[in-house]
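After this come two complexes, each holding chain A, first together with chain B and then together with chain C.
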Partner chain A sequence: MIALRLEPREHTPVWLNVTLPLLAVLATLVICSGLIKLAGASVMAAYGKLFLSALSTRFNLVETAVKATPLVFTGLAVTVAFRAKFWNIGAEGQLLAGAMAAAFIGARQGLAAWCLVPAMIACGAAAGALWAVIPAVLKTRYKVDDVVTTLLLNFVIFYGMMALLDGPWKDPLSGYPDSPDIRMAAEFPILLKATRLHLGVLIAAVATPLVWLLMSKTTLGFAINAVGESPRAASFAGMSISGVILLTAVISGALAGLAGASEVGGLHFQVMAGISPGYGYTGIVIAMLARLNPLGVIPAAIFFAIIITGAEAMSRATGVPVFLADVIQGTALVTMLIALLFNQYRVRLRRVSNG
Partner chain B sequence: MDEILAQVFQVGFFAALIRIATPLVFGTIGELFAERAGVLNLGIEGTMMLSAMTGFSAAYFSGNLWLGLLAAVVTGILAGLLMALLTVSLGLSQHVSGIGTTLLCSGLSFFFYRLIFGQPSSIPNIKPFAVVAIPGLSAIPVIGPIVFEQFALVYMAMAIVPLSAWVLYQTPWGLNLRTVGENPHAAYSAGVSVMAMRYQALMIAGALMGLAGAFLSMAQFNAYTFGVISGRGWVCIALIVFGQWSPWKSAAGALLFAFIDALQLRLQASSIINVPYQVFLMMPFVFTIIGMALVSRNARAPAALLKPFRKEER
Partner chain C sequence: MKNDAKMRGEVKNKHSLLEMRGICKHFGSVKANDNVDLTLFPGDILGLLGENGAGKTTLMNVLFGAYSPDSGRIRIDGRSARIRSSADALKRGVGMVHQHFHLVPRHTVLENLMVGRKGRSGRLDRRAAQAGMQEVEQRFGLALDPHSLVSDLTIGEQQRLEIIKALVRGARVLILDEPTSTLTPQETEGLFDALRAMAAEGMGVIFISHKLNEVRAITNKLLILRSGKVTATLDNDENISRRRLAELMCDCDITPPAKPPAAPGNVLLELRDIRTGGTLRARLKGVSLEVHAGEILGIAGVSGNGQLELAEVISGILPPASGTLKINGQAVGRLSPRTVQKIGVGRIPEDRMGTGLITTLPLKSSMVLPRIHEKRFSRAGILRQGAIRRFVREQMHLFDIRASNPEVRTGTLSGGNLQKALLARELAWDPLVLLAAQPTRGLDIAAAQFVHRQFLELRRRGRALMVISEDLEELFALSDRIAVMFEGRINDVVPIARATVQKIGMLMAGVKEAA
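What follows is the complex of A and B.
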């Protein structure tokens, strides 16, 4: 008889870092092809539309980068938080906080034109950080579970935002529950003529290596990792667990806040109900696919940007519901989690005697 | 102030309160079984969402509400099995597995709803569960119309609280379940299969979460919408912390939450206080967080919660 056996690995080979996410994605696509069949479409046609429409023209390529930008920010936000085992499921709410702050600052008439964009970025990050500090303080001071509070705070800020948009912050010109447009001078500069490639894309591209440096080359990054891996050892080493978790929350929230600020400053120029179609939650999937490595966040974010952009085209062409994109996200998270087993264990086939 | 009180506290208010509490009781007691066995099931929100969809769809096409209910329960059990596969058999992170289950299940519910119903101009609906007045008891003044003129599912929720308390605290199976959640190695040494107990707990949890979802799309409302759950699953997890992992206290927490929710609904409708209605929608979530902050310092979760069990590791 042959038995499957899981053996712990001594150390992880480097090639697994790339192979595992690819395997997970491949498994996801195979599983989800069943749904395409159920919808009565051709798998090749549907996947063709899903992946190729985002890459077909130069314009669409740029659009994919634009779409990936908030996902890079939320992916980084979750990466930093999860490293410390600060379970921040609230990137969605922190993104909204950042978006609201940026839209508020960007519409101020009293501010000098030159300082609008930097102020929006700074305030967006600060607002996101502030919204993330609430669950961190509740966790460190009152021992309230961070998963639940970050999740619930997403609802609090969403309804709070909608109350403002339906009340004092409603755009008097359109009458819709949208915030008034930001000033022209507050719109992020466009980096490539005749496209929507805005400053936020560049900030995301720069933030990624910076977060990597922070996590792998600085004392703070070391502390964040240490608290995540073994809080007891970290506290024996003289670190303040609470302090590290608070700082983690500030960084994580600020990154998610930047996602909101960048969406407002570079894309929508206002805040409205649909400003984030779940970017905060997608950030969790991205961070896991990136194996909590900041550098892995960019390819993972681009992958999901392609899917989110391509889903519309796929749905129009083949009739497969656009929500396939959501199923792919959930499936990818599950398959990646399973794939991570190969990281810790190796599968050994062993001959065993019957007994 | 008197005007507010007079408008709010009527028999209808308390009857509504009990209806609002019902899905929370199902979800909370379900989650309680999982957590008492040592597994945090963050899949609850998605499980409720998918069950609400399958239950509604089955009822829509069969014309039989009980068949719909069965579909919802089966859906819940399947979602529970997925959670069990990930967290019990494979020993993966319960946090991430739960979020993955929720994302997957809610994605599936959107996908299949669109696939089945397309994008019709009016939302498909069913004739939902009707109120069943219990003869005799419903004639009691005040209490009768509040407690004994409800949906069958409400009576089921009322029964599930003492039943779960009895199962958890008075039966050998319940003792085993709690031991598995507190000290799995001791349970294992005593010959209890940790795996089997956790699988059973997650399946029961899934079935009850299925009932919670079905109640929302088939009794409380008569249709499935993408916002049908809107955070109620997460609230259940908070209610367990608030209720210190006890079925009675958690159910009391559900009533308290339902009180605030019913109150905000009344205030929304009454237009006595003139603020955007979203402020009221926000209220229950704010109070839940405050409630958790008040009790969490002394909360004692099952000792083995979040910890995967492997025989060889001690």
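What follows is the complex of A and C.
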């Protein structure tokens, strides 16, 4: 008989930090290959399409970067929040808040053309921050569980937005439940001709190292880590737990809000029901896959962007439903959480004789 | 003749209660247990001695099924036993009372006895548990009211419940890990009576403790571990000197540091009528104390009588409901961790892993945690990593903190090194007043002496120290006066010249007029 048991590790080897996410992804793909088989397609062909189509042409490469942009923002938002153990499941709602603020500002006729884009970015970030501060205040003031409030506020703002789009904010020209288009001058500049590579992509690329600097080189990042790892020790040392959590919420919400502003200003130029196909939730998976390291967010976000862009091509070529992309996302979260177990424990196999 | 000896050996073997042979256990490159042998005969009370990290806990975890050994055999009653879980251990008659109790506070004594036991057809068997309790009371004199809530029991009573639990489950080998650290001297005597009754009935007891005096008082055999190896197995008789034992445990000098006569100056720390919230037993109900420059005030008491609250008030994390706190004659208005630090209070909290340091962060982060906003460590919100590392390296050198570099995870340091790190962090800012709670709990002799020498050095330099401890030996070695807490009050303050263990013990139990 072989017995399997978990024993606590004394040290976590460095190589594990890199290989664990890769192993988790690999396990995910192996598990999901069963679904491809069920759909009656060849596993290699389906995965080939899924991954290679997104990287095949210049256009697709840019599209992947564009798709990755909101994911980078929400991944960063979740990373910062989770470092402080502020369980922000609400990046989705904060993204919508940012999108609505940007769409509102972008359509204002009274504003000077030059200030539209900066105002959209600033207001988008501010709206996201505001939406994240609500659960943070409830947590720090009244000890209301942040998982529940951040999650439920997503629905509050989503249905609030739908009510607006179906009523006062409905586009008078089209009659669809979409907001009016933003002004031409409010559209984010395109960085690469004949593509959709917009300013938001650049902002995401710059935000990532900035968040890394914040977390590792500043007293605020130091305090966020300390509060997350041990609120008791942090408060014993004289830090204000509530203050740090509120600041964390502001930063996290602002990053998620930027995702919304960038989607509106760079891609959709309006707000509609499908503005976010769950980017906020995918951000959680990305943050976990990145092991809450801001620099890990970019590869993780690109991985998911590839899957999302490639799913269409795969579906067309092999008949596997596009929903495989969603299954992969969900499975990746589970495998990553399991993989994190091996950070703290080692598996021991040993032969046991009966008797 | 030869045959005879062999015979006797066999007979003896047959009757041994517990035998561990050649136990080895590695953690990475560290040999926590290296070929350890342990034999327990019926009626033995075996003292397990050794420094921290000597392998005592590992050995007992192997015996109790928490670790599987790399090699080695365990025999119970002469039959080979494979113990893979605590349930296995209990089935074989091995019971353990951990340092931290595993009780359900909101259940009654009787209900706690039933936890983990299946009655017939899945129902709880109240009657069997009650019968078990009565039997234990008759045989060993260990009694408790079966219907009182665990949360209402004193620490000593909770420990008794843990012992009863093990006995009711049929333990014939009882392991006690640091059982006396939270007891009054009188309670300790009661525990010892029960242990002697168990031994008289042919049970075996393994007694793990740092307190040499108690080990000498209760055990008949000693097993001494050092760096995972057995350095000696010997009968406990009067001829073995303390010094000899210390030599077997470590290469260290255990003569306590010399304490020059006190030269107290003006009052540096003054508490006036401090009252707090909290549980009825522990809330402070009007505590007034003074500590002078160049003086060490010891705070004694059974745990849970307000010592923690007192420490938290002075540390600035528990705002008092009323009362004033003065430092160097200056009243501290709003007490907060920041204000007390700024005004010159160094603080060593009781829970060094959870409150003092952050085990999951690098050592350097833990060591600058309260001072991160000082100009020395950050400018305009940007960390000065170089300065931080330099500071931590310096302190590591000064306080002999054994860690490979400032980047290692705090939690990988040993208890002694953690305490040194905490001490280094607080002393780096030359506090006027040092508050230390349980400063040497769980530390080995060498580390504890290091801490004590630091305290006496501060005393010499005219600082005021308040040392809260459950270790009376420590309080007698350090204090100039001992204040005894009972149910949130200072029961009495006794100058060291007039303090006896007997007297302090009575005061700890709430008796005011000690003989």
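Odds and ends about this structure:
Operating definition for what follows: the second predicted complex is superposed on the first by the 335 of 355 C-alpha atoms of A that agree within 3 Å, B and C clash if a C-alpha of one lies under 4 Å from a C-alpha of the other, contacts with A are read in each partner's own complex, and residues count from 1 in each chain.
Rule of thumb we're sticking to: a contact is a pair of C-beta atoms (placed from the backbone, for glycine too) under 8 Å apart; a residue touches a chain by one contact, two chains touch by 3 or more.
None of the values given here were measured: they were computed from a predicted structure.
Touch criterion not met for A:193: it reaches neither chain B nor chain C.
Looking at the shared chain after the overlay, A:285 reaches chain B, while chain C stays out of its contact range.
In the superposition on chain A, A:162 makes contact with chain B only, while chain C stays out of contact range. By the document's definition of touching, of the two partners only chain C reaches A:220; chain B does not. Put simply, more of the residues of chain A are touched by B, taking chain B and chain C as the two choices. The touching residues of chain A, when paired with chain B in their complex, are 35, 38-39, 87, 89, 138, 142-145, 147-149, 151-153, 155-156, 159-160, 162-164, 166-167, 281, 284-285, 288, 321-331, 333-334, 337-338, 340-341. Taken in their complex, chain A has these residues touching chain C: 3, 5, 7, 10-11, 217-220, 222-223, 225-226, 229-230, 232-238, 348, 350, 352.
Residue ranges on chain B touching chain A, taken from their complex, read 40, 42, 46, 82, 86, 90, 92-93, 95-97, 99-108, 110-111, 114-115, 230-231, 234-235, 237-238, 241, 275-279, 281-282, 285-286, 288-289, 292-293, 296-297, 299.
Touching chain A in their complex are the following residues of chain C: 27-28, 30, 67-68, 82, 84, 315-317, 336-338, 341, 347, 349, 351, 354-361, 365-366, 369-370, 372-373, 378, 381-383, 385, 412.
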